[in-house]
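Input: a single structure, listed below in C-alpha cells.
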Amino acid sequence: MSKYVIIGNSAAAIGCVEGIRQVDQKGEITLIASEPHHTYSRPLISYLLYGKTDEQRMKYRPNDFYKKNKVTKRLGETVTEIDKKQKTVTLKSGEKIQYEKLLVATGSNPFVPPMEGLENVKNRFSFMTLDDAKALDKTLKKDTKALVVGAGLIGLKCVEGILDKVATVDVVDLADRILPSILDETGSDLVKKFLESKGVKFHLKDSVEKFEKDKVVLKSKKTVDFDVVVIAVGVRPNISLVKDIDGKCHRAIITNNKCETSIKDIYAAGDCTESADCATGDMKVMALLPNAYMQGETAGINMAGGTKLYENAIPMNAIGFFGYHMITAGDYVGQTYEALDGENYKKLFYKDNRLMGFIMIGDVMRAGIYTSLIKNKTDLTTIDFELIKEKPQLMAFSKKKRSEFLAK
Amino acid sequence: MAIDFLYPEYEIKRDRDKCICCRVCERQCANEAHWYDAELEMMMCDSAKCVNCHRCVSLCPTRALKIVKTDHTFKENANWTGEHIAEIYRQAGTGGVLLSSMGNPKKYPIYWDKMLINASQVTNPPIDPLREPMETKVFLGAKPGKVEFNSKGEIKNNLPPQLKLEVPIMFSAMSYGSISYNAHESLARAAKELGTFYNTGEGGLHEDFYKYGANTIVQVASGRFGVHKDYLNAGAAIEIKMGQGAKPGIGGHLPGIKVREDISRTRMIPEGSDAISPAPHHDIYSIEDLRQLVYSLKEASDYKKPVIVKIAAVHNVAAIASGIARGGADIIAIDGYRGGTGAAPTRIRDNVGIPIELALAAVDQRLREEGIRNNVSIVVGGSIRSSADVVKAIALGADAVYIATSALMALGCHLCRSCQKGNCNWGIATQRPELVRRLNPDIGYKRLVNLVTAWNHEIKEIMGGMGINSIESLRGNRLMLRGIGLTEKELSILGIKHAGE
Amino acid sequence: MLKEGQVRIPSGCAISGVISKSGKKINGEIIVKSIATMHDRSNGLGGGFAGYGIYPQYKDLYAFHVFYDGNQAREECERFLDRHFDIINLSKIPVRPSSKITAEPLIWRYFVNPLPTKLTDSHLDEKEFVSRSVIRINSQIDGAYVFSCGKNMGVFKAVGYPEDVGDYFRLEEYDGYAWTAHGRYPTNTPGWWGGAHPFAMLDYSIVHNGEISSYDANRRDIEMYGYKCTLQTDTEVITYIIDYLLRKQRLSLSDAASVIAAPFWSTIENMPKAQKDKLTYLRSAFPGLLITGPFSIILGFEGGLMALNDRLKLRSMVIGEKDDMVYMASEECAIRIIEPELDKLWSPRGGEPVIVTLDSYKSSK
Amino acid sequence: MKRIYVNEKWCLGCHLCEYYCAFANSGKDSMVKALKNVTINPRIRIEERGGISFAVSCRHCEEPLCTKSCITGALSVNDGVIQIDKDKCVGCYTCILTCPYGAIVPSETGAIQKCELCMNNSSGTPACVAGCPNKAIVFEEK
C-alpha cells in the first residue's frame, strides 16, 4: 500500500488529498502541518474580521473531511527536513515519517522588511493566518487607529476586514497606486476613490521611515497616528525544505506540469511553487487559491499513479471591497480596449488575435468567459470579438461552438 | 386614420393582479397585440390586432390572460347579422374578395353527430381489444376482379399496387408553403412512426423529406408545382388533386411573400413570385383527360404506385366518382365542404360543396350498384373530428380517412382561421423563420402520433363493442349505424335506418 | 310482424354434421338423433337438414325443393320452370303431418335440367344459369321460395324443433353419405319456413351457429356480384360468399376459409414467405368477405363437408372421428349419442377449416 | 448523468425559463406572489441577438472550475450536481472569474447563485425545462 505524505493543510494539500483519492482509495495519507487548525481558507480571514464568516464556516472542507478521506493528520507539527534518499521527513520532535510520494505545500510567509522602531511597536501584525487575524481582532476597538503598510491584495483585504471596527485606517505604500499587481492606473484610481469614500486614507509613493510611540513618520515626513499596525508588504514562498536538499528553486520551487519538483517522488504545489503561465509560458508564482487547489489535485493524481497535467494556469484574481468587485486575469500586454462607465470599468488586452488579459471592475458579470478565452488561447478571428468586447457572452462564438457549449 | 367601421371581434382580458409583466405575450404575438409600457410599468394591448389564436393565453405563466368574444354589438337584427355588416364594411373599404382559411364554420347540419353506432348484447359477444387482437390495418388500392392461377394451380399475385396503412387514418394534403417546414417534418415523421401516410399537397417535396418517401403521397395539382419524375417516384402513391372541399372549383394562390428560398426551390418557381394554381388542370377538361393523366402518371411511375384522384364533394359527386373509378384511379379521395384550406374566398368556402357524410354514402352506394366499388378505395376527409367520425365514415363505406385540421390542431393550431395572413403564431401556417421555429417537430410529431394512436385505440374499443375485430368488416357495414333526428330522405341517402328501427 | 328478408333477425343455434368418407349410406334417423340431443339450443322456431347422396336415381339432375304459399305461386313458378328447364320429375315432398309442425306451406320437389336452348342463349355456364334462375324465382315470384337446388342432395327444413322437423319430413326414408342439421334459436321470428336452415345454393348448403358482426359489410360486398340477400340472414350471406369464392373465383376450400376467417395480420407476418404472400393476397383482395363475429358453420358440398369457426372461436364446435366416419357438432353430446366410441375427438381452432371429403372426391380443379 | 441541454434552434426567446426559474427558487407558492413587481434574477439567462436566442445555465461540468476554485468550499459536487452553500459563500466571485459559460451570478445577498437543477427547491425537477414551451431546454441523459 502506498504511503503518501503531505506537508501543508491548505488548498494545495486538500487538493492533493482529493486528487489521490480519485485514483487510490486505500493508500495511507499522512498530512503534516504547523498550524493546529482544521483546514481553513486563508483568504477568508479578512471576511472573518468583516463578519461575513466565522471560524466554523471558514473551514475549507467539512469536519469529517480527514476521516472520510482516511487521512492521518499531524497538525501542529512542523517538518524540519526531508531525506530524499531514505524517503523520510523529519519532524521537529525528531520523529521520522516514511513516504513513497511526498507533497510539499508549505505556502508562503509574510515578508517583513526591516523598519526602524518596528520592534518597539506592541500591536504589530502580519495578515496571513487565522491566528494573525484573531490576534489582530483582539486589539481592535472602536477608537483604534489602524495603520496598514502595503496597498496590495492582502493589505486592502485587511483594510476591508477592520474598517468598520476601528476609528481610522491609514494605508501606506511605496507604489504610486493601489493594487499595482492587478490593476492599471484607471482601475487603481477607481478603487482608491471608492475606498476613500468609505473612509480609508491612503499615503502613496510613501513609506515608513520610522515607528515612534503611537505614530509613524513617513519618508515624506508626514506623521500618522496609530495604535495598531499591519505589515502587508509581501510574502516569501517557503522553499527551504526543498532547497536544502538541492531541489531546483528560483523565487519558489520549480515544478513541471505534473507538479513534480526536480527531485524524484517529491511534488510541490501552491504558493511555494513556480509554474508556467499558460498564456506566456513564463514561470511564475501564481499565488491564488484556485491555482493552489488545482496544482495540489494534479500532484495528488500523479502521485497516486494517475495522469493529469496542470497546464491551464494563468495569473488571475477575484477580489472585492465592500461589495465593489473586480476580476482580473492574464497579462497586461498588447492592444487594449477600454470602457469606463461610472464605477464600472473594463479593459481588455489582446495581441496576435488572442485575448491576453483583462480587468473588470464593478460589473464583473460573466467574467469567466473572458478568462476562458485567455486560457484556451482562443483565436479571436473565430469569434465575434466586437460583440464580446462589449459584454462577455456566448453569442459571440460560432453556432457550432455554442452547440458544443450548451447542447453536448 | 380613416374610419373603417371595423371593431374588434375579440377582447384581450388581462388580470392585472396576476400579470407579472414577463412580456411573454408581447414576445410571442406576431400580430403585435401586446406591448410593455415602461412609463406605466404595465402591459398594454390592442384587441383590434388580436386574431384569437391563444398563443399568449397558453404561454402566460400566471394565467393572467383570456380572450373573450366582445359584447360590443350592432343593433340586433336576425337578418343583418354583425358578421354580414362587418363583411360589407370590409369589402366597402377594400373592394376585394373576402378571404378566409380553415374549414366552413357555418351552422350546417353535421351528419356525423346524427348517426349512432351499434354495440353487441347477448346474441353475439363484444370483443375486448385489450385481450384479443383488433385489426385496423388497411390496404388501399384496386382489388383484382378475378383470381388467376398459374400452370401449377397456384394463385398468381395480380394485386394492383396497394398502400398499406397500419391505421385507417392518413394526413391529407397540405403544401409546403401553406404550412411550414416544421409542420411538414412533424407530419412526415408521424406518418412514418404510425405506419401511415402524409401528403405533400401541391407544393412539391422538400429535398430533406425524400427520406420519408415510403410514407409520402405526392400530389399533382393544377399548378404542377414541384412535379418532376423523381418527385413522382419519391412517394408511395401519387394523388391528382382535382378539387378541394374548402374551395371546389377554385384554384390556389400562395402569395410571393411566402415563396422564400426553400419554397421556391421545392416548387420550382422563382423566389418571391406568386404561386398560382389554376382552377382547372389545363390539360383536363373532362373525364377522359383525367384518365390520360392517371395513366401518364402510372407510366411515369412504372405502374408501381397507386394513383389517387382527389375531388371535392359536390352535388353530382357519385357520378363523378363512378367516372373516376372507371378512369383507372386506384383510390378516390373525397373532400367534404368542411375541409380546411390555407386561404379561400370566404363565399366559396362557406357556400359551395356538400357534406362529406352524404357524399360518401352516395359514392359508396353508387359504386356498389355499378359493381365497381372494389375497383377503387375510398378515402374521405373534410372535418373528421374524432375517432367516432372515423368509425362512422368507415361504416358508411370509406376505406380510410384523411385528417388535416385535426392534425394541425394536434400541432397547436387553435383554429383562429387567419392562415391567410401568414403570421401563424403557432409556427404552422407561416414561413417567417422566427415563427416557424415555434413548432419543434420533436414535439409536433409526437403529438400527432399520440393523437392518431389515441384515435386508433378508440376505434378498436368501438369495433370491439360491435363484435368486429377487423376494420374490413366495418367498412360499409351500415347496419352498425342508426340515424337520429334525420328525415326519410337523409336516411335513404345515408343508407341507414333510424334509431329504434 | 316482418319476416326474414324484411328484417334481420339474430339467433343462436345448434349444428351437427356427419359424413362417411367411404361413401357408406347413413340413414336420416342418425342425424335427427344427433341434433335432437341439443334440444335446448333450439327454441322451436326452426330446424332443418341437408342430406348428400340422397337422390342416387336422379343424381345428374338438379333437385329443386320449393315452398309455396299457395297454388297460384306454384303455378307461376312451374310456368317459369317449364320455360327454362326440362322437368324430369315433380311431386309433393312426402311428409308426416304432426301437431308439432304447423302453418305448413305447399312443399314440392322437382328434378330438372336446364333447357339446352335456354342455357345456350344465356351464355352462362350451367350452374350460373341454375343459380340465377333460383334467385329470380325467389326474388320475383311472390309466395314461391326455392330452398334447395343442388344435385343429388336436398334440404329439409321447417318451423319447429329439429327432431320434429326430421320426423315431419320422414328422414328415415333417406340415406346419404353425409348429413348436416340445424336447430334454431332466433330472438324473434314470425316463424317463416324459408327462414329456417340449412340455407343452400346449388350443392352448397350451410348450417350456421352464430351472429356475424360483419353482416352488412359482407352483404353489400357480395351483392355486387349478382347475389341478392333476400333473407338478410347470416347463413344466406355466408352461402353466397362460399359460392362466390369456390365456384366463381375457383378458390380451394382452404383458401376460401382463409378469406372468410382470415388469420390475423400478426399471424400472417410470421408465416413462411410463400404462405405469407398468399394469405396477404387473399386478405387484400377480398377484404369485404372477411367474416367477423361469432360463427361455427358446416358447409355441405357435393363430395364432402367443411367445418369452420370464426377466427376467435367465439362459438363451440367439436369434431369426432371413428373409422371412416367424421362427426361435427356444436356439442360433444350430439356426437356421443350416435357414436359413443370415438377414435378421436378434438376442437378445431378458430379459423382452422376441417375439410372432409369422400375418398372418391376429386376437387373440381 | 441527466443534464440540461439547450438547443438554440428551438429557442423562441420567450424568456419563460427565466421566470419559471425565478419562481422555482423564490420559495413562494405562487408565481404572482413571487414575481409581481419584481425584477427577476434567474439562474438561467437568455442571450439573444438578431433572431438567435438561447438559454445559459450551469453545465454541471465534470471538471468544474468553479468548485475547484471556490475559496470557501461553498461550491461542491453532489451526485454530479454542483451545489452552492450560500451560507458559506462570502461573495468573492472567484467562481465568476473561472466559469467559462458565465453561468454563475451574484444573488441579492451578495452570495453567488447558480442552477442546482431545482434539486433543492420545491420544483424538484428543472423548472426551466418544464416551462420551456418548445423543448429548447431539455433535461436528459446523453
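By letter and in written order, the chains are A, B, C and D; residue numbering begins at 1 in each of them.
Basically, a contact is a pair of C-beta atoms (placed from the backbone, for glycine too) under 8 Å apart; a residue touches a chain by one contact, two chains touch by 3 or more.
None of these values were measured; they are calculated from a predicted model.
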Completion exercise
Two candidates, B-D and A-D; the one with more touching C-beta pairs is A-D
Practice task
Just give me the whole-number Å value for how far the CA centre of subunit A lies from that of subunit C.
Solution key: 103
Practice task
Can you check how far apart subunit A and subunit B are, centre to centre, with Cα atoms defining each centre and the answer in Å?
Solution key: 70
Problem - Chain centre separation in whole Å, for subunit D relative to subunit B (CA means) - result: 43
Handout entry: Separation of mean Cα positions, subunit D and subunit A [Å, integer]
Key = 28
Fill in the blank from the handout: Every chain pair meeting the touch definition is listed as A-D, B-C, B-D
Problem - Residues on subunit D engaged by subunit B in the complex (per definition of touch) - result: 9-16, 19-20, 23, 31-32, 35-38, 51, 131, 133-136
Handout entry: Complex interface listing, subunit B residues touching subunit D
Key = 17-18, 20, 22-24, 27-28, 58-59, 61-62, 433-434, 437-438, 440, 442-443
Exercise for the section: Enumerate the contact residues on subunit A facing subunit D in the complex. Expected result: 11, 15, 41, 43-44, 47, 52-53, 57-62, 289-290, 293-294, 297, 316-320, 323, 325, 327, 329, 364-369, 371-372, 387, 392-395, 399, 402-403, 405-408
Problem - In the complex with subunit A, residue positions of subunit D that touch it - result: 5-8, 47-49, 52, 54, 56, 59, 65, 68-73, 87-88, 90-102, 104-105, 110, 142
Problem - subunit B contact footprint on subunit C (complex, rising order) - result: 8, 10-12, 187, 210-218, 220-221, 223-225, 249-251, 255, 262, 264-266, 277-278, 281-288, 290-294, 311-312, 314, 365
